[in-house]
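So the structure is just underneath, and the comments pick up after that.
Letters A, B, C and D mark the chains as written, and numbering starts fresh at 1 in each.
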Amino acid sequence: MSEIKLNKVSRDYGLGIFGVRDVSLEIEEGEFMVLLGPSGCGKSTTLRMIAGLEETTDGQISIAGRDVTRLAPRHRNVAVVFQSYALYPHMSVRENMRFGMKMRKTPRDEQDRRIAQAASVLGLQPYLDRKPSALSGGQRQRVALGRAIVREPDVFLMDEPLSNLDAKLRGEMRQELVKLHRRVGKTTVFVTHDHVEAMTMGDRICIMRNGRVEQVGVPLEVYARPRNTFVAQFLATPAMNLIEAQLNAEGEAVMLSAGPIAGPLPEREAALYRAAVERKLLFGLRAEDIVTQPRPGAQAFQGIVTVLEALGPENLIVVETAGQSVSARVDRHFLPRIGDEVTLYADLAHTHLFDAASGDAIAREV
Amino acid sequence: MSEIKLNKVSRDYGLGIFGVRDVSLEIEEGEFMVLLGPSGCGKSTTLRMIAGLEETTDGQISIAGRDVTRLAPRHRNVAVVFQSYALYPHMSVRENMRFGMKMRKTPRDEQDRRIAQAASVLGLQPYLDRKPSALSGGQRQRVALGRAIVREPDVFLMDEPLSNLDAKLRGEMRQELVKLHRRVGKTTVFVTHDHVEAMTMGDRICIMRNGRVEQVGVPLEVYARPRNTFVAQFLATPAMNLIEAQLNAEGEAVMLSAGPIAGPLPEREAALYRAAVERKLLFGLRAEDIVTQPRPGAQAFQGIVTVLEALGPENLIVVETAGQSVSARVDRHFLPRIGDEVTLYADLAHTHLFDAASGDAIAREV
Amino acid sequence: MGRRILSHFGLIVAVVIVLFPILWVLRTSLVPAQDSYSAAILPSVTLDNYRALFAEKNFGRNYMNSLVVASLSVIVAMPLAAMTGYAFARFRTGGRLARLATLASQMLPPVALALPTFMLFRNVGLTNSLTGLTIVYAAINLPFLTWILMGFFEAIPEDLEGAAMTDGATRWGAFWRVVLPVAAPGIMAAAVLGFILSWNEFLFALILGGSNTATVPVALASLQTSNGVQISNVAAGVSLAILPLMIAAKFIQKYLVEGLSFGSVK
Amino acid sequence: MGRRILSHFGLIVAVVIVLFPILWVLRTSLVPAQDSYSAAILPSVTLDNYRALFAEKNFGRNYMNSLVVASLSVIVAMPLAAMTGYAFARFRTGGRLARLATLASQMLPPVALALPTFMLFRNVGLTNSLTGLTIVYAAINLPFLTWILMGFFEAIPEDLEGAAMTDGATRWGAFWRVVLPVAAPGIMAAAVLGFILSWNEFLFALILGGSNTATVPVALASLQTSNGVQISNVAAGVSLAILPLMIAAKFIQKYLVEGLSFGSVK
């Protein structure tokens, strides 16, 4: 049992400046929770408060049912993987791993056993007697992980552990970390500003902005139903297209009018959003819901291609139309030239609608 | 006219250690050339040699037809955008931009005109009188760009200029930089370790490893025809699947046997690779060429799902089969559970073949 | 909360302990001579002690001597130190040996150098002259300032100079227009330290100076060693000796503290 | 290439200029007294000058005094300085005021403190005692070492302590097991500097010491000021005075140069 509960937790720096404000969050036993947000959103501060490295000025934090709000870091039984790795530079890799166990008076042979096991899982055997300064960035990252694992803590706390790695290595470590988590099964809090890491690694994600929680949920659900435009835009590259819009009832049908994109909503969406008729709205559509071939429920529109990014497996394009920039994620064989006029189809079955003033998602009538 | 020519350029640190070795490269007038490679591959060193900030110990560098190998940086008329931005901390944004023009004795009113124009293009007007320390990372990045633009140099040299930005901002700046380049039209050399930046930004890319050039070409062509396994694997996430393989002729047909994937090559591929029959090979297939629905020329195979990364617009999965890990990029609706056995289809029309020993691509008989 | 009050209390006590002697010297300099040893804090205030110091002891001359010698020695040593420190920081000029020699020169016992210097200076006629003292202090300041500035220059990213040089500046221009202004707080701090080092120097001032070229420390020493120490005059002299330090602390504390927290030049 | 030879030549000249006087002193200490002023480099070698120094001038006592006082003062001041420097670096204890007071205490003119210290020490019976001198030197070393160590501690990433504390260490344990070992080169360098500062100190040693407690600088001064300076004895004394510095330079030059290039502690 090692669930984490944050109850209205704040970090007040004084003078009305808050690093984190009234954050409540429950992280379940064994869960991989990702804290996601732009820099300065309070995600790292939250993690450091859980670790006890940052003072909690208000609210309670409990780990495994125990109130740890005022406990020193060493009494919380958490292991932190720092962005900088924070390896002890004067100790060998082996000693780095041993340190935490020595502090906790783990028997010596148990120490050796765990170090050997972690080294084998992480491929660190050849480096056990090296100093961290003799390792590459990726190897240091593994040592930092190994040092956390051997401790067998209640909770893993990881503060952007992949952000100092090359793009290539980052993708590999992502998968390795998830596998590791599946094997170890320990509650993990993972901080990142990278939405791809959040989507692919988290059992759930918690999106933060300005020290507050914006939305918590399973990645694909948050992706499918963002609570507001911030979440909608933050969770993908390219960001969700947002266009000022209005709905009008025409008998049974509900007509969408959003800049270049206009037409009747499909039946299901029409029913969901009927109450939002005549409000000032933002119409949201993800780049992958703009397609190059007609399909039922998709509305055609024309635009001039201004950006073409051929990624290899697929292409990202941006078209200008009626003063709007619209991003689309298209098939790798769709390769227009810059300046071409193309016809695209907006799949209204994936319509998102937000209030134009507040940015909050329009409640669906289920 | 501002083409760049590198002729067998080397950077010898002494004691047989080379940063760059025998690099020859021609960058055309107005071209956007990306130098891509893992850290330590010599890409930054090459850029700094072009700028004159690193000594060229052997070979010649010419810019616009002029041999600049021994010229001081200030005589090369190049502008560098540094990874660290390297803004002058004691000068305002405006003075940062003015500095280079002042050094070159551009008339004062021309200085003001160019600063105003660059500030308007980059959205820096509100910040012109601020010091760099009062700016966000993204704003500093723009100032670094602005400082380069106002100089109106022959050549732009950019050393991982996006790597200090958030994932989100990086995607936006990528597109902005390409638009900027299209408008300004100046020869640009752009160093990165991020294959997405390379694919989407480069008119051509130059892939480097261990101080040498591995392949130069138009991104989609290099992606379609990597010269060796290093290029094949470096240019995508997940990396291209590589499986030990053999070809056998059976009458007209050429049979591929690559671990779990076996079957006749399609007619065109059979003709191309007939000469490679019975050699020790590596069979390469990109993750997006493994599909979830049968199609002509695609060979079915089964595997156990070990990784599922739901990115939102699409999913990455890894299946284990016959001791092989195979990565596939699949539709967002294909959501198996970890441990499920799934049937996938390897599209042999996109077969890559490499020599097992050297890693070089098998020459196609065209 | 309790812990905070406790640690602040400790700090206040510490500050009082540090400051008390200085404040008491100041107090003694401001009360009439007969009250010097009284326990009263300020029985009455007078500037007589200062007046006597200048009128009877020629302290004005000592003060000018110190100001001139300390300022000139820094002004002479600073440009050389800046260039040497930059060369050490950027070009590894001379490698470890040159750095070690710089450090080592700081560590030679001044007493060991005193006699040779005196003999040399007497031969060339530089004893009893402010020029001679300025030369000695510049020679002491040079390695000291070089070492400090080397640290500041090393903390400045090399890309800044790369940017300046591609922007059209020469290596010298990059140093002059970018490196020096960025290192300015450090240079200010180093200059203050160098000034105070010279201002406080006693041994060489004693050996090389005469009555016309005596500096403040020499004058203070003679006040203290003359028969029948006049404590109120000494207190006035000490207060004046500390004055430049207090001015420095007041006006450039920002530079001092930021510039000298090694390795944190922004 | 031509430029390189030129700059190396310049360096060699500089090194010779710096080293020549020291080498000449060493030479003078090793030749018989009658050859002191001869131009011959090494007419003959003798240790008589050293023997005379120890036999006639009681230099052994001076040397022991200096060693004891300089070592003890560093040993006493270092733990306090390490803790204070750490508190300044990590907790901003006392804020700018405490830092400034630390710096300022370095800048007080020693001469101004000499008389009050002498009077105070005479009252409590600490004049003419090594204990008294050790206390003074520890008091001089404390702010000096505090300031230097503060810089080193600031250069150590705070995450290291965070890692140690989540790994099970107390704040004290993190300091003891992680921060101190990482800062070791800096601490070694600071200790050497503090030792040499005390080793070379002259003014307080002169004022507070008697014939039994005279340190090396005091002994050198008396050798130089006694009637009929025996240059060969002085040279031997100076050579011995420089000895600890040379040992330090030889054995811990790595620590010195790396530890003291401010802000570069790995």
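Note that in this section contacts are C-beta pairs under 8 Å (C-beta built on N, C-alpha and C of every residue); 3 or more make two chains touch, one makes a residue touch a chain.
Just so it is clear, the structure is predicted and the values come from calculations on it, not from any experiment.
Enquirer: Between chain B and chain D, which partner chains are common?
Expert: The shared contacts of chain B and chain D, listed by label, come to A, C.
Enquirer: Would you indicate which pair of chains has the most C-beta pairs in contact?
Expert: Ranked by contacting C-beta pairs, first place goes to C-D.
Enquirer: Taking the mean of the C-alpha atoms as each chain's centre, how many Å separate chain A from chain D?
Expert: The answer is 56 Å.
Enquirer: In whole angstrom, what separates the CA-based centres of chain A and chain B?
Expert: Chain centres of chain A and chain B, defined by C-alpha means, are spaced 25 Å apart.
Enquirer: Can you give the whole-Å distance between the Cα centres of chain C and chain D?
Expert: The answer is 19 Å.
Enquirer: Multi-chain contacts only, two chains or more: what residues does chain C have there?
Expert: Nothing qualifies.
Enquirer: Would you give the residues of chain A that are in contact with at least 2 other chains, written as numbers and ranges?
Expert: Residue numbers touching two or more other chains: none in chain A.
Enquirer: Sort the chain contact graph into one of these: line, ring, star, complete or other.
Expert: Shape of the chain contacts: a ring, since each chain touches exactly two and the loop closes.
Enquirer: Every pair of chains that touch: which are they?
Expert: Every touching chain pair, ordered by label, is A-B, A-D, B-C, C-D.
Enquirer: So in the complex, which bits of chain D are touching chain C?
Expert: So the residues of chain D in touch with chain C come to 7, 11, 14-15, 18-19, 21-22, 25, 93-94, 96-101, 103-105, 107-112, 114-116, 147-148, 150-152, 154-155, 193, 196, 199-200, 202-203, 216-217, 220-221, 224, 229, 234, 237-238, 241-242, 245, 248-249, 253, 256-257, 260-264.
Enquirer: Sort out for me which residues of chain D touch chain A in the complex.
Expert: On the chain D side, the touching residues are 157, 159-160, 162-171, 173, 177-178, 181-182, 184, 266.
Enquirer: Report the residues of chain B in contact with chain C in the complex, numbered from low to high.
Expert: Chain B reaches chain C through residues 48, 51-53, 72-74, 76, 78-80, 82-84, 86-90, 99-100, 103-104, 133, 147, 151, 157.
Enquirer: Help me check something: in the complex, which residues belonging to chain B touch chain A?
Expert: Where chain B meets chain A, its residues are 38-39, 137, 166-168, 171, 174-175, 178-179, 182, 193-196, 199-200, 219-220, 223, 234-239, 286-288, 306-307, 309-314, 316, 318, 329, 332, 338.
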